[in-house]
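Two complexes are shown next, each including chain A; its partner changes from chain B in the first to chain C in the second.
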Partner chain A sequence: MNDATEFLRPRSIDEAVAMLAAHEDARPLAGGATLVAMLNAGLIEPDAIVSLSGIEELRGIQAQENGGLRIGAMTRHAETAASALFRDGQQVVPHAAGQIANMPVRNMGTMGGSISFADPAIDYPPALTAAGAEIEIAGPGGTRRVPCGEFFLDWYTTALEPGELVAAIHVPPAPAGSVGHYEKLARVSGDYAIVSVALVLAMDGGLCSAAQIAVGACGPVPIRLAAAEEALVGSSLDAETLAWGGAMLAEASDPVDDVRGSADYRRRVIPRLLAKAVAAARAKMIEEAA
Partner chain B sequence: MSQAVALKINGVERQVLAGATQTLLEVLRDQLGLTGSKRGCNQGVCGACTVMVDGRPVRGCLSLAANCEGSEITTVEGLAPAGKLTPVQQALIDSGAVQCGFCTSGMVISAHWLLQRNEKPDSDEIRRTLSGNLCRCSGYRKIVEAVASAVEGGKA
Partner chain C sequence: MKIEDSFDVAAPRERVWKLITDPDTVAGCVPGCDGIEVVSDTLYRARVSVKVGPIKASFNMEVELTGETPPEEVRSKSRGEEGSRASTVSSENLLRLEEIDAGNTRVFYHAEVSVVGRLGKFGLGVMKKKAESLGRDFAACFKEKAELAETSA
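Let's turn to the complex of A and B:
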């Protein structure tokens, strides 16, 4: 424990940004699920902790006029998982939220905190990437919005500059009639993914009309590949096409060997998990049509 | 830097002095003597520190005390203030579902919350809810059976 650390309680985003700028090594505190674990492990010794809990603008999920959603950065996983505002393929996001860790952690952890840490094995990055989400960043120069592909940059590395924080996540409307599905392969309930596949999928007359696919936990950032999606669109999502799309994603992946599985194992799993995710998404379509 | 923090713990207003990086769990155990909540991994994984903040189970070890200012906190001690056990607590005893006991208070908090929300959870819901509480004696089966028997008792 660092006795010199200050605990600060801003009431607005602007005030929080000013506090982050005023300290050499201030850390914004969202839900605490990651930051406090790092404090407890002695991995960080910030000179100030800037609590975001009192900032009303960071809370809640709002439906936009165009069918998109604005998710405040402080929205907890449990709220996201239970929200009825997600439509069509947007549901990949709450589906992933409900599979993060376990109930007490979902009651604490927030979307902004989770993606700011950007562990490649966590659940939101692939789900938000598949959903085509944009990240709203607040900083000393105002706010800016970047797509996931420009936000997740490397292992534990995002586009956030010192003094910046995630203000919100914007999920665009999904293709009409699409479904969202998040397929997670993990050793036990609540663990990080060995491999995950996030999917937004639509079918029209027996053929795939839209496919947005992101693979998680298989490299520094989520993998989204236009060529794999194009391979699926227009097909009947037969086994051969899925194996082909899956092989492209596996080829584009850059997994490592770790305690959860070898890189080779992960590459082999990707096409199978894609097929499993597609089967589950199609089952949801049948369920929704019934 | 320590600062005064007002917390309502098990229905009683308390003032504590907490450093910026001090966890709720440390304050509960070391300052207030409420040692029912345990420190296991201190990383939010094991669930032995699970307490309720404003009615929701959270990790005591991942909650900074200063960030709980104004919150209502319920620990396992607060569930049976007059020594009268909750149905979940009684069922754990009756079922012999306590081995070393280290995970028990966290299990009790999670199961208590479940039964407050849902009077008739099925075995899957019980298992899902308790999946964030690890028992290193591996006594899961009896724990799930005990919670199920508290459900059957019908008075969570």
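Let's turn to the complex of A and C:
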């Protein structure tokens, strides 16, 4: 940040959008968990910072009549993690929220800010992708809703155009009786994921009746594969089927080599983490049935 | 970090050699490069901008040819300074042309790149992916130019 950076405090989404549009290189400031660190590191130098903290309509989680949820973009990770509004498989979202970084970051960071930055190793993108969420984007031309698969486009790149911001995240109702689980492999608790698997799973009479799987931290965007999910549905989720589904996901991945692990290591981990996530989800089903 | 890849061009090696050693053709295909200044037969200057998500960087690059074996191999060194921001990117590059047959050429490239300064904080994993994608963009553009030159010749 330099002396020329303006700090703006809009009171409504419309006002924020107008401010973003009026500056060539404006950045919306949500919780600041990442943006402030990047400003301090000199990685970005916006000419204006548009603080979203005074916009009431961006706050809170609301249950919809159809069983879906509308999560305001400024909802903090801690609030999402503790919310009792998530039902069935929707719980993959709060389960992931509770595993983001550490308590101070969860009290600060927001869902809208997190997904707008779109670091491929963060926790929300795979969780929201598995949950089938849609992103509500506000911009100069009004609002539009896009599914996760059209929102996360590339490394640190989303469908957000200049002048647009995330207004809310919509999580649809999950299949009846499903459970949600987020399995994260990290070097230490609170680190970025080496690999993560987000899962919405349902069983009926010993056979899998619904499977929504997204792999995180293994490519520019979360990996969700219809073929892998179809392989699981109708099976008893035996080791062989899971290995097959996991192999398909590993094949579709494009991981980086970095300090957390090599690309090859990540590809090997994917099927194992899927099996672990499925076992944990099934344990939750038994727990809930008891 | 090491960047290496190859691509095939449907043009004879002599023609590919001529184009790949032509500063204007090459500069026109480098993503984010706005023009090249030929300082001497072996020294070029160019300004190259790169963007990864919210991070934008612009480098004043100097490319020095350190050896060539026509029509097979070019070696070069490049170094870029990011204005006043104390970020530096430097690389040693090798480019090799292999004749597949009379009308087809395989282009290999290999670069050992180092990034120092504020961008070094960003994580080399993603930077490598970005570099690979820039390499593919370059290959697609160069192929188009070389193959067009071939049909119109």
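We take it that the second predicted complex is superposed on the first by the 289 of 290 C-alpha atoms of A that agree within 3 Å, B and C clash if a C-alpha of one lies under 4 Å from a C-alpha of the other, contacts with A are read in each partner's own complex, and residues count from 1 in each chain.
What we mean here is this: a contact is a pair of C-beta atoms (placed from the backbone, for glycine too) under 8 Å apart; a residue touches a chain by one contact, two chains touch by 3 or more.
What you are looking at is a predicted structure, and each value in this text was computed from that prediction instead of being measured.
When the two complexes are overlaid on their common chain A, residue A:Thr157 makes contact with chain C while staying clear of chain B.
In the superposed model, A:Val256 makes contact with chain C only, not with chain B. By the document's definition of touching, both partners, chain B and chain C, reach A:Ala41. Once the two complexes are laid over each other on the shared chain, residue contacts for A:Pro220 go to chain C alone; chain B is not touched. Looking at the shared chain after the overlay, A:Ser51 reaches chain B, while chain C stays out of its contact range. Using the contact criterion defined above for the overlaid structures, shared-chain residue A:Phe117 touches chain C, although it does not reach chain B. Within the superposed three-chain model, A:Met103 lies in touch with chain B and out of touch with chain C [touch as defined at top]. Considering which of chain B and chain C touches more of chain A, the answer is B. Overlaid on A, the two complexes show chain B and chain C touching the same residues of chain A, namely 41. Residues of chain C that touch chain A in their complex: 52-55, 85, 118-119, 121-126, 128-130. Residues 1-7, 9, 29, 32-33, 36-37, 39-41, 48-49, 51, 53, 78, 101-105, 107-108, 189-190 of chain A are the ones that touch chain B when the two sit in their complex.
For chain B in complex with chain A, the touching residues are 1-3, 19-23, 42-44, 47, 50, 56-59, 61-64, 66-67, 69, 110, 128-129, 131-133. Chain A meets chain C in the complex at residues 27, 38, 41-44, 117-118, 120, 155-157, 220, 254, 256-258.
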